[in-house]
Amino acid sequence: MKSDHVVSIKLYSAIFGALLVMTLATAGAAFIDLGGNLNTVVAMLIAACKALLVILFFMHVRYSSRLTWVFVGAGFFWLMILLSLTLADVLSRRWLPTVVG
Amino acid sequence: MSDSSIVHAHQFDDAEQQHEASWLGMWVFLATEVMFFGGMFLGYTIYRSTYPEAFADASNHLDIWLGTINTAVLIGSSFTMALAVRSAQLGARKPLVRFLILTLVLGALFLGIKFTEYYAKIEEHLVPGSNFSYAGPLGRAAQIFFSFYFAMTGMHALHMIIGLALLTALIVKAGRGRFSSVYNTPVELVGLYWHFVDIVWIFLFPLLYLVGRHLQ
Amino acid sequence: MNGPVEERRQHYLNVNYGLKSWLLTVDHKRIAWLYLVGVTFFFFVGGLFATLIRLELLTPQGDLVQAETYNKLFTMHGVTMIFFFLIPSIPAVLGNFLIPLMIGARDLAFPRLNLASWYIYILGGLFTLAAAAAGGVDTGWTFYTPYSSIYSNTHVALTVIGIFITGFSSILTGLNFIVTIHTMRAPGMTWFRLPLFVWAHYATSIIFILGTPVIAITLALVALERLFGLGIFNPELGGDPLLFQHLFWFYSHPAVYIMILPGMGVISELITCFSRKRVFGYDFIAFSSLAIAVLGFLVWGHHMFVSGQSVYASMIFSLLSMLVAIPSAVKVFNWTATLYKGSISFDAPMLYALGFIGLFTIGGLTGLFLATLGVDIHVHDTYFVIAHFHYIMVGSAVMAYLGGIHFWWPKMTGRKYPEPLARLAAVIIFLGFNLTFFPQFVLGYLGMPRRYHVYPPEFQVLNVMSTAGASILAVGYVLPLAYLIWSLRYGVVAGMNPWKAKGLEWETTSPPPTDNFEVMPTVVHEAYAYGAAESQAVYPAGKPANV
Amino acid sequence: MSTLGFPLFPEQASTMAPRVDQLYFFLLGVSVFFATLILILIIAFAVKYRRRSDDEQPRPISGNLGLEILWTVVPLSLTLVMFVWGARLFFITFYPPTDALEINVVAKQWMWKVQHAEGRSEIDELHIPTGRPIKLIMTSQDVIHDFFVPAFRVKNDVLPGRYTTLWFEATKPGAYRLFCSQYCGTQHSGMIGHIIALEPAEFQSWLSGGATVVSMATAGENLFQKLGCVSCHAQNDTGRGPSLAGLLGKTVHLQSGASVTADEDYIRESILNPQAKIVAGYPPIMPIFKGLISEDGIMQIIAYLKSLKREEGAQVKK
């Protein structure tokens, strides 16, 4: 299921440092107008990176069995199903305008 | 019940199987939790795409500095939690207790800051309901934003409170020397839970605090 | 294996006595009984509501109950039957009892969690009953906003909190099953030696853990909206009335598969046993269960074809809904093929199984009408839908549940039920069911909308037929309750394996010992090895005396 | 429709009805075929292979790949036919012809309020001419309702906060049942009415009968004056707000950089919540009219704006 891998304090500290840097980066980037939806994209990318670091190292998934990966993946995959199919409705709802000539 | 050095419950063949089951069980539970918060993330996404201006405007009513500090505090608590699990793996009792207490303190600090923010929002009449008042023409959709703000951070805070209770129990047990390098599953599982709650906040922070800062 | 010796043997039922030994048990077999008592209670509560509904619909006028009462009746009928009977029925009773036995384990992975799920289920049930006692709720089991969040002035919050709580019971049961099936299989019990019942429950558990949390948060938001004025679903603020429906059906469509998949698992066991044959196309049935669980999450939008959903999204959902029909069809054909060149006997469980195949075929095929966009426009929200899902949930799921209860009754109690009466009940239920629900297909295509307290007079004859059928059905349901209770004391003592069935659960005594097996098995054969070796497993430490 | 004294099949009274029924009979045919097939197989096997002695032990058969493929591919192809056929009908139902006669419907607990362009209103009844496509523009004042006419084989939900549409063309005169088919509260089953289809000439005389009423466009124009809309939205582009002549159906460029088609939903939103979508080049100064105008009133203003469009369209043509 999972190996009893003991992660070094050094690696934990490096991850912690990276997470702090990214927190400041995302807060800073929020003040700069990147135009369009780019601000949101950047913020979400940084959040995804942070989450990935926490999952892989703090939660030891990097050192765990395939089965753990499957359930981690399942959670996010199902979330994507929920988001994408609902947005398929919301975003295409006005493709057929209610108006006529 | 068992001839090995660690006790395992009767339904398991050995401690290894028990540990496997607990670890898998926790991950299955976390997959559930992803979907629990997922429902709110979906609602948020839909409304933000429908009312981008109102969400940006309403988001600017949140205190970005308190938000950033709280993010750092929570990441710090995840760090100390990871170190607590490490100490448990190594069978180091004193550091284990110390890191658990540190995690508890940081978690409590997070909630303290959060409730200060809530208090400010109550003062500013930004709590959805009959007392809600919002200057400017974007008030209706802003009320939706604040509904999500309170629902999402409220559910998150509820998870934090449960986490603090679990941590307290762990501290008591760890102080009594219940954990060793061979048996530390509860520490590990609470650790997973705590990190998960951290991840939820990692997404909540940009989605709630950083929507419209660049438009100000 | 003579009677008196059997009586003295210690097993899970006589290991200790008293209320406390039951209410604090962590034995999965006893917890199954706790659930059996719970779901039976809610089944008859829901049935009482159904009876009143059918009586009201005997005449086109609203002469038995007021409109408000009628609306509460169909709401409470739906809520109790779906959340408190159908969803826990087969998984929490039969699944709980059988999964550890079938995979050769001493218990589920988390016995205390298992007991906790039952208490959570009961707590949720109490909330919902309290709502009913306080005056009821009238939103329909679907709780569509903004009616449920703003306009209804009945006990919506109390009811949805009850369902929210019960949801965690489902989640914990699913979690327990998944972990147990992954980690606690007996030596030699590979995935492809698992009984199909276990595959079906694994698939169901996936829906439990990934679907249930979504309905939980959705109903929590409705409760928060009613209690604290949160505004997520409020159209006055610009809220989207379709958001709730998306969230609701994301769970509630897969929930239909929660109700039917375990039933399909039961049927696979019954068909093989009573035709004494290995199941036809084992791999296909196993994978079709998983396919149903996964595809089931992609089709919820077919409940929203006329809801104002985007036409393009509707097309995607319609196409995906067509795909989910395939694994169901595969199962039906494989069960039928299993009968071919078998040795078929007609004991009561088999009658239920054969009835299941017929009714599920009709229920499944009529599902295609609802997935087909052009026809759904007409039949949506009419009695056609009512008829369709009762064919799946009552005609199929309840038939499977009763078939399973009869089949494993000797294992659970150590005694046989009276066979002639049981066959009679099975036939009565089959006939009563068809008379109740077949006319509703006709009513639906005629255009009678669902949830109507009064209806135009031209629909009366078909409604009278339906009510007549319902009274026959009621007799059919009370009968097993009576003779099964009777058999607990007076039934013939059953041996270890009265049906000469295959499967590990038949290789231990009836009733089984607390730890399930005197000697833990090592599996050496595939499932359903009818006509092959004596048993599926070997017992390295020597066979127990009474095997 | 039946010799039994009660109907078994609904009347066909719209152009859609026979098309839906055709698909329905196709589905019914497929269903009856497969249900019968399974039934015959089960009965045949059950009789032929019934257990004759208790120690019978049939030969195991584990499966047959050819058969599995057969009963995967055949149902799949059939369901794909159903999908394509159903999707075509669905698209037709939700894509009204451009020459349809528009009628406005406002649903509320528990009644249907209808107003014709010429001004005549009715409750729980809808008079329409036969042989002409009718397009309903519908909204709800409270909860979700659903406009369902079984004889026409059409229905669509009626939502609060949004317009939905429905169109049909009646083929024969008569009175047809109208149901609310989305549960909407206590008197849900009382939210019923009739569609009364008349010959076109009769319909015309019905329309001009009754009390003298002002047309929806005129009523809308009056509201436009009364609420002061006209002070900013002048006929030409000289006002503080954009001119609304010829607006409907046009593409509007927004402050946010996006652009939208100005349909009824857009107009409705812009009246109730003007800041949601600001037209590029104009300041966000329009007050919120939520609470000041009813759903019926908004529909009248939209009718007025549509009438402006026609006038302008005539000018453009020359």
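Note that the chains are named A, B, C and D in the order they appear, and that numbering of residues resets to 1 at the start of each chain.
Basically, a contact is a pair of C-beta atoms (placed from the backbone, for glycine too) under 8 Å apart; a residue touches a chain by one contact, two chains touch by 3 or more.
All of these numbers come straight from a predicted model, not from anything done at the bench.
Engineer: Per-chain C-alpha centres versus the global one: which chain is nearest?
Structural biologist: Looking at where each chain's C-alpha mean falls, the closest to the middle is C.
Engineer: If you tally contacting C-beta pairs, which pair wins, B-C or B-D?
Structural biologist: If we tally the contacting C-beta pairs, B-C comes out ahead.
Engineer: Can you check how far apart chain B and chain C are, centre to centre, with Cα atoms defining each centre and the answer in Å?
Structural biologist: About 35 Å separates the centre of chain B from that of chain C.
Engineer: Measuring from the mean C-alpha position of chain B to the mean C-alpha position of chain D, what distance in angstrom results?
Structural biologist: 45
Engineer: Roughly how far is chain A from chain B, centre to centre by C-alpha average, rounded to an integer in Å?
Structural biologist: 15
Engineer: Measure off the straight-line distance from the CA centroid of chain A to the CA centroid of chain D, and report it in whole Å.
Structural biologist: Computed from C-alpha means, the inter-chain centre distance equals 40 Å.
Engineer: So which bits of chain D are touching at least two other chains?
Structural biologist: In chain D, 94-95, 164, 273, 276 touch at least two other chains.
Engineer: At which residue positions does chain C touch at least two other chains?
Structural biologist: 182-183, 210, 214, 236, 238-240, 242-243, 246, 250, 308, 311
Engineer: Touching at least two other chains at once: which residues of chain B meet that condition?
Structural biologist: Within chain B, the residues that touch at least two other chains are 20, 24, 28, 31-33, 35, 38-39, 42, 46, 50-51, 140-141.
Engineer: Considering only the defined contacts, which chain A positions touch chain B in the complex?
Structural biologist: Of all residues in chain A, those touching chain B are 1-2, 4, 6-7, 9, 12-13, 15-16, 19-20, 23-24, 26-27, 30-34, 39-40, 43-44, 46-47, 50-51, 54-55, 57-59, 64, 67-68, 71-72, 74-76, 78-79, 82-83, 86-87, 90-91.
Engineer: Which part of chain B faces chain A closely enough to touch in the complex?
Structural biologist: Where chain B meets chain A, its residues are 19-20, 23-24, 27-28, 30-35, 38-39, 41-42, 45-46, 49-50, 64, 67-68, 71-72, 75-76, 78-79, 81-83, 86, 89-90, 191-192, 195-196, 198-199, 202-203, 205-207, 209-211, 213-215.
Engineer: Over in the complex, which chain D residues touch chain B? Could you list them?
Structural biologist: 256, 273-276, 284, 288, 290
Engineer: Of all residues in chain C, which touch chain B in the complex?
Structural biologist: 100, 105-111, 171, 174-176, 178-180, 182-184, 209-214, 216-218, 221, 224, 228-232, 234, 236-240, 243, 246-247, 250, 515
Engineer: With touch defined as at the start, can you tell me which chain C residues reach chain D in the complex?
Structural biologist: Touching chain D from chain C are residues 62, 67-68, 71, 138-140, 142, 144, 146-147, 151-152, 235-236, 238-239, 241-242, 275-278, 280-284, 305-308, 311, 314-315, 318-319, 322-323, 325-326, 329-330, 332-334, 336-337, 339-346, 354, 357-358, 361-362, 365-366, 368-369, 371-378, 380-382, 442, 445-447, 449-456, 458-462, 529-532.
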